[in-house]
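Everything below concerns the one structure shown next.
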Amino acid sequence: MENNKVKVVLGVIGADCHAVGNKILNYAFTSAGFEVVNLGVLVPQEEFVNAAIETDAKAILVASLYGHGEIDCRGLRERCRESGLGDILLYVGGNLVVGKTDFAEVHSKFIEMGYDRVYEPGILPDQVVIDLKNDLGL
Amino acid sequence: MENNKVKVVLGVIGADCHAVGNKILNYAFTSAGFEVVNLGVLVPQEEFVNAAIETDAKAILVASLYGHGEIDCRGLRERCRESGLGDILLYVGGNLVVGKTDFAEVHSKFIEMGYDRVYEPGILPDQVVIDLKNDLGL
Amino acid sequence: MELKNKKWTHDHFYGVREEIIKHWPTGADVNFEEAVKYHETIPARKHFAKRLVKAKKNGETLTQPRAGVALLDEHINLLNFLRTEGEADLLPTTIDSYTRQNQYENCANAIEESMKAGRSLLNGFPAVNHGVHGVRKLVESVDGPLQVRHGTPDARLLTEITLAGGFTSYEGGGISYNIPYAKSVSLEKTIYDWQYNDRLVGIYAEHGIEINREPFGPLTGTLVPPCISHAVAIIEGILAAEQGVKNITLGYGQCGNLFQDVAAIKALEQLAEEYLVKHGYNDCVLTTVFHQWMGGFPQDEAKAFAVISWGAAAAALAKATKVIVKTPHEALGIPTKEANAMGLRATKQLINMLADQPFPITAEVDIEVEMIKAETRCILDKVFELGNGDFASGSVRAFEAGVLDVPFAPSQYSLNKILPARDNNGAVRLFDVGNLPFTQDIIDFHKAKIDARAKEEGRKASFQMVIDDIYAISKGRLVGRPSK
Amino acid sequence: MELKNKKWTHDHFYGVREEIIKHWPTGADVNFEEAVKYHETIPARKHFAKRLVKAKKNGETLTQPRAGVALLDEHINLLNFLRTEGEADLLPTTIDSYTRQNQYENCANAIEESMKAGRSLLNGFPAVNHGVHGVRKLVESVDGPLQVRHGTPDARLLTEITLAGGFTSYEGGGISYNIPYAKSVSLEKTIYDWQYNDRLVGIYAEHGIEINREPFGPLTGTLVPPCISHAVAIIEGILAAEQGVKNITLGYGQCGNLFQDVAAIKALEQLAEEYLVKHGYNDCVLTTVFHQWMGGFPQDEAKAFAVISWGAAAAALAKATKVIVKTPHEALGIPTKEANAMGLRATKQLINMLADQPFPITAEVDIEVEMIKAETRCILDKVFELGNGDFASGSVRAFEAGVLDVPFAPSQYSLNKILPARDNNGAVRLFDVGNLPFTQDIIDFHKAKIDARAKEEGRKASFQMVIDDIYAISKGRLVGRPSK
């Protein structure tokens, strides 16, 4: 049974401790039928990658709320490639940069960094679940 | 005694009924030693001019709060000249135009119309009294 | 004519009407029978009176802005923007100041100038000039209940045109649209002229068309003690009811002390109900409106938001049926539609956050309720007595005698003898009760409150204290204390 | 080491110190004796502890923002702007998140990148990297009382440097800067490390230098019931007092229901006084801080102003000594200095308008005060018991047992068994009391409140209800009701 579930890795990157959104995303993806490998807060890049390898996850959902997202998220795609995760789905969301910023800019910045989807602050989990199911052809 | 006092005409121009500032200005100029000829609210241009002629006033203080000041105040200087009041001091204050506007623009617009001093919304009477005493060499 | 609080006969009404309709060419398009049919097609969600009744039943507090510009299409855009971006529950149409003075010629010029300038040179919507057809286009282009808001001593043609056009709510009254808005129009005339407006609404009611009527609560908006505005509101409610009006909203402008404000709305509801029934009007639906602070605002937008929010909070805690919303541009000029929508959204947020927090009638609120009721009763009963049992002629005599008196009013017909000032807690009291027909107890109460403040501030109560209070909120305080 | 709530000996302190100072090169510049002399030159108007005492005496509520950027000159400009344009009474220096994790190397890089980019890439001021000299330049360039605000589990070097630099107030605590801010740092370690910080403040006090200490009240900022944050605040107050701290500010994050919020501040003051005295700390000056809503904000700035204003109103009515102010950018990102100043000015306007309106202890407030006190006593007394009469070790055991438990905390050391939800009036209650050591009465009280809400909404209390409440304010309501 358990094994049929698609696994996703979830975590809050860097020195970021914002936990509330993480708990809600965990709940939402679990309710939607995924098996969530929740790394919680304060997660370094390598932990995301290792968890994805170990669990054979189909997507990594990276959250960054506290403003250092730009620095913390850079290079994760490369690290995935190097570790053989190749083009595993990478989603990122939260309050990604320091300060109130035009989202279009933020979006293209993170797309360039190699993320497949970039979410605005305040996005509700339902939408993310729909996107993920689409992207995974579920 | 009374006759020594310098007279000023005070009123709210046009179809404007804002009375509170008028009462305060009346009180302030009276306290400062002027004899105030207070026409109250809803005062047409000719009434200002007539009152100034009748009382031999040294200044006309025009208030406009309600937004139609631009239309209502136009032509008062000309009317003064025509009536022989010539360059009698003309002050204007209140919320002179419709909408929140850059004051510099409003200022130059009313200076061009022939007003000697143009006041920002929120000006306190003390400052106006000082200016008037200065302008009249008191 | 002898002014009496007596329902006009049809003959009398239609006699006057014939003349009114001719005041401006657009009057010719008013057709009452056809207008009744038009009203029957207005759906409930766009119906002001119905929306208020629903709100009262559900314990909601609805939001309503002020707004009006010279040109029709612009005005439509403005209102739709306030509905969608401002989340306004109820919509206004604020009439410009020339129309309010029946200067329709001036309006015509200003409409033209506005078209040329590409911006509104009027401070409101000149509905008479736009006529029934213009108004109907407005009513049909806007998805919300619509009210006429103005300040017109003689509004008879405006009433005819806007109601025939499909407005379902109408603000004003013979006292409340005279004393704060006019200088030398007699009360006798305005009360009489407003009987016309009320009678017209009454005739619509006789034809099954319910139109909401709202006397203008805040009067001069500046330190008006609750008993004054309540007395006027209740009198105008009675005058309207006599002419056949069935759906009435009574208003009050925020004073700023939470307990006084909550108490004022409670007292208004209770007293109005009591007096209407006592005087034989048993079938009116009463609702209340709370006006966010109506006096001078701070120029700074952040500070203005604070004043707006506090007004929203008081309205919600008092459970008023609706709240009239100010904007962050208040101190400076007619707001842009964006600023207007921001005031509305801030208000909506607070109303929703407080919707679940009923404010109990604490002992402190209860004292204020009783005080306001006692004061208002003194005034109302004396007005009735002066009119030998008639509130219409009684009001005229009461103003002459200073039994009714509105602070800072521009009108010659207000004695201007009373002087309000705040007490130590910021509640508005009377530093000079003038000729108000108060009992000695009430006079002593006010004196004690003002004396306590004077003592606290180490100065005598004086006109300077009143001035300090007028400026206080715009300078960032409630009580205008001398700076130390 | 065995964790005990026992004042550290000088030997112990200086032993640890020797090592701390070496964690980063700037540590070498700390010279305690010289720092004491430096503090003696700080004038009273810039002295945090003194300003608080004065405010408490005068019944004032002071305003304080959050703010910090990477570069020194920019940070100075920022704070001066908040002082002049924001009218802030008290100033912060928010420390960046790398410093909070002791990643000084990362800070060094980010400082460099920020210089290149011409904008701050850090979410706060990296005080350790700027060192004592940098901090002194800050202290001398800013005209207001300064506090360090962070969220650092091991803040010892930061404390040494900022206090030697001249800060007169310091936020944090071994519990409040661990449970909401860390994942896998043991409480034993953070409480121990924070004894160091408190002891350092105590040693300053022994040398006549008064430094204010403030545990972080709001914890996770998200639906934290008053009893939880009060218990933590009082424990941290006691731990600080034991190490010699004399000037303590205890905090509480707004829940949103006015009666609960006013009651929470009253209960906090009364209980803290009682417990400090009971446990032998008789000479501490206690003040309170009220945090405007700390959970998710609405993105719309107008709505954010409403939330800010409501927080300001509650702080003023509760008569907290100071209020920590949010900004209209809260939901989106670190505010610009302009947005920050706007939040401050809105708050100032409301605080001043409400300064003259004391909120009486009505029956409704009184019930909440008694409830909060009873709940908090249950927790505190059990913590004390678990520690065999020691609040330090007791706290560690209490968290293990779920006797202390913080909702939504990221830390492994919090059991995360309790679940909060709002009741029908928006007060925060417990839908699951987890292992909190409540009496049956208290448990029944919470159950009844939640049941009443569930009934009103026609659904069962569940995690979905909790989620709805988490989103509610950001979506424009207080109680997360299901949409109809």
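By letter and in written order, the chains are A, B, C and D; residue numbering begins at 1 in each of them.
As a working rule, contacts are C-beta pairs under 8 Å (C-beta built on N, C-alpha and C of every residue); 3 or more make two chains touch, one makes a residue touch a chain.
The structure displayed is predicted, hence computed values, not measured ones.
Engineer: Starting at chain B, what is the smallest number of hops through touching chains needed to reach chain C?
Structural biologist: Counted as steps through touching chains, the separation is 1.
Engineer: Looking at C-alpha means, what's the farthest chain from chain D?
Structural biologist: B
Engineer: Can you compute the centre-to-centre distance for chain C and chain D, using the mean CA position of each chain? Integer Å is fine.
Structural biologist: About 45 Å, centre to centre.
Engineer: Taking each chain's centre as its mean C-alpha position, how far apart are chain A and chain B in Å?
Structural biologist: 66
Engineer: In whole angstrom, what separates the CA-based centres of chain B and chain D?
Structural biologist: 54
Engineer: Express in whole angstrom the distance between the two chain centres, defined as the mean CA positions of chain A and chain D.
Structural biologist: Taking the average C-alpha coordinate of chain A and of chain D, the gap between them is 30 Å.
Engineer: Return the residues of chain C touching two or more other chains; collapse runs of consecutive numbers into ranges.
Structural biologist: In chain C, no residue touches two or more other chains.
Engineer: Would you pick out the residues of chain B that each touch at least 2 other chains?
Structural biologist: none
Engineer: Draw the chains as dots and join the ones that touch; what shape do you get: line, ring, star, complete or other?
Structural biologist: Shape of the chain contacts: a line, open at both ends.
Engineer: Chain pairs that touch, all of them, please.
Structural biologist: Listed in label order, the chain pairs in contact are A-D, B-C, C-D.
Engineer: For the complex, give me every residue of chain B touching chain C.
Structural biologist: 14-20, 22-24, 27, 40-42, 66-68, 70-71, 95, 97-101, 121-122
Engineer: Quick check on the complex: what are the chain D residues that touch chain A?
Structural biologist: Residues of chain D touching chain A: 97-98, 100-101, 103, 106, 110, 113, 119-123, 151, 180-184, 220, 222, 295-296, 299, 329, 331-336, 339, 408-410, 463, 467, 470, 474.
Engineer: Sort out for me which residues of chain C touch chain D in the complex.
Structural biologist: Residue positions touching the partner: 256-259, 298, 300-303, 305-310, 312-313, 341-350, 352-358, 360, 362-364, 424-426, 473, 476-479.
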